[in-house]
Amino acid sequence: MSARSFKTSLRVTWADTDAAQVVHFSNYFRFFEKAEEEFYGALGFSFKDFRSQGLWFPRVEAFCQYKKPAVFNDVLDVEVTVEELRDKSVRLGFTVSNKETGDLLASGYLVIVAVDRQKGRATRMPAEVFEKLKSYAKQVL
Amino acid sequence: MSARSFKTSLRVTWADTDAAQVVHFSNYFRFFEKAEEEFYGALGFSFKDFRSQGLWFPRVEAFCQYKKPAVFNDVLDVEVTVEELRDKSVRLGFTVSNKETGDLLASGYLVIVAVDRQKGRATRMPAEVFEKLKSYAKQVL
Amino acid sequence: MSARSFKTSLRVTWADTDAAQVVHFSNYFRFFEKAEEEFYGALGFSFKDFRSQGLWFPRVEAFCQYKKPAVFNDVLDVEVTVEELRDKSVRLGFTVSNKETGDLLASGYLVIVAVDRQKGRATRMPAEVFEKLKSYAKQVL
Amino acid sequence: MSARSFKTSLRVTWADTDAAQVVHFSNYFRFFEKAEEEFYGALGFSFKDFRSQGLWFPRVEAFCQYKKPAVFNDVLDVEVTVEELRDKSVRLGFTVSNKETGDLLASGYLVIVAVDRQKGRATRMPAEVFEKLKSYAKQVL
């Protein structure tokens, strides 16, 4: 039973905000993906490596629930968990909290599929990637 | 039993794309919101009016499922439906299709709550807004 | 002496704004590029065609001067002029005005170079593209 | 004769890129502003403080020259200099380089004016802000 997670943080920039003076809801998905990229970096691989192997990692589902707003200059903690790991796909969970107050601001997930670019269809992810994600996985299906 | 929907379209710009040479997944949420804004415009109101009444319309949930990619210069049809209407919130459904091929590219929803800015909590939406949305609603709860 | 220009318009979306409740300054460059794309479309070509010919059209300079802010839902007129045309590059001028008031909001330019992707260096733009841009050019150098 | 500068760095995210598989030109302006925000943070103030004093710091000019592209996952060094300081405005210079290769990718500037929101016109910047910027200024006019 694994409870490992990856944590990173970021500071809200002016360009992240909208006229409600809070972070635009679409930007949480960019925060999710940025955290995902850093998670992969920490595991020792990147989208770039996948591409050189003829792999894409497109998102097939994206979801976010918004609890409290973030404003300019807030430092946000983003936590990544591997909610469900399958041979050809992974569901990553994300929470975004205010670093100072600890308040949960948003939570959500991305479902990502390994795709063979040539064939244009889902394929097993590389064994090395699968094994590394597995060490974080709550569920392997 | 209502089946009314609102339709608009947009052309994919270079800035909408990412290094996979397709529209970045987060931008579909911007397409959803742009269609929502035009839907309100067609109904005769806007976020601006809400604000002048001390109302916000923050998103509390956002979801999208991706079927096929869109590329630069594609013209996309975006259809908006009122999936569930409540006194204080509305769930809008969205589909994005390729205008030329008719292919469904993505579908999803936004759950939006009317919020009294002063009190900082959910409030009934203005009667006029409710009535107009009702004429499109699949479900009134 | 040519004074031809291309005109298009767009509506400011919520995602275009920032916490100052005006359009974020970086988005004017996206408005410029969107107008450029539509200008090319009106001339009968697109970035896509260039790419299939092994051409890129990267920007080498971008400039904007801001006069007055634009707010959510404003309709903006964007005018494109061909300020300087050379064999391998073009300088497009842009003005952004408020459609309703006619007020000039911003003006600027982009310098764009035709690049042979294989060789990685500047190249003559296709004759057909050059001729079409020429019919709009204030100056051919 | 001061040559002080502020340096920060950032990693290119997938969302920063476009279909040319390089960072979209408009995003350099966001990198500039992010570096500006961190520069102010290092000096001990922020846009937020300005706002609470009824001040805006809108951009009146933005310029960037592009030398070489940046790609996904590149780490970029951004250097900020105070090129010209006046009572009511400041011109910040920026360079963006590839951290690994040291290559200069882009350079440019932002001209920023202190604006009294109530009166809607340029005003002297707070003495404390002016003094701190002065310690970095190449030119005080």
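Think of it as A, B, C and D in the order they're written, each chain with its own count starting at 1.
By definition in this document, a contact is a pair of C-beta atoms (placed from the backbone, for glycine too) under 8 Å apart; a residue touches a chain by one contact, two chains touch by 3 or more.
Since the model is a prediction, treat every value here as computed from it, not as a measurement.
Comparing chain pairs A-C and B-C by the number of C-beta pairs in contact, the larger count belongs to B-C. For subunit D, the chain with the farthest CA centroid is B.
Centroids of subunit A and subunit B (each the mean of its C-alpha atoms) stand 24 Å apart. Rounded to whole angstrom units, the spacing between the C-alpha centres of subunit B and subunit C is 29. Taking each chain's centre as the average of its CA atoms, subunit A and subunit C sit 34 Å apart.
The set of subunit C residues that touch two or more partner chains comprises 14-15, 22, 26, 30, 33, 72. Interface residues of subunit C facing subunit A in the complex, by the touch rule stated above, are 14-15, 17-19, 21-22, 24, 26, 71-72. Within the complex formed with subunit A, the residues of subunit D that make contact are 11, 13-15, 30, 33-34, 37-38, 41, 46-48, 72-73. Subunit B contributes residues 20, 22, 25-27, 29-30, 33, 56, 58-66, 69 to its touches with subunit A in the complex.
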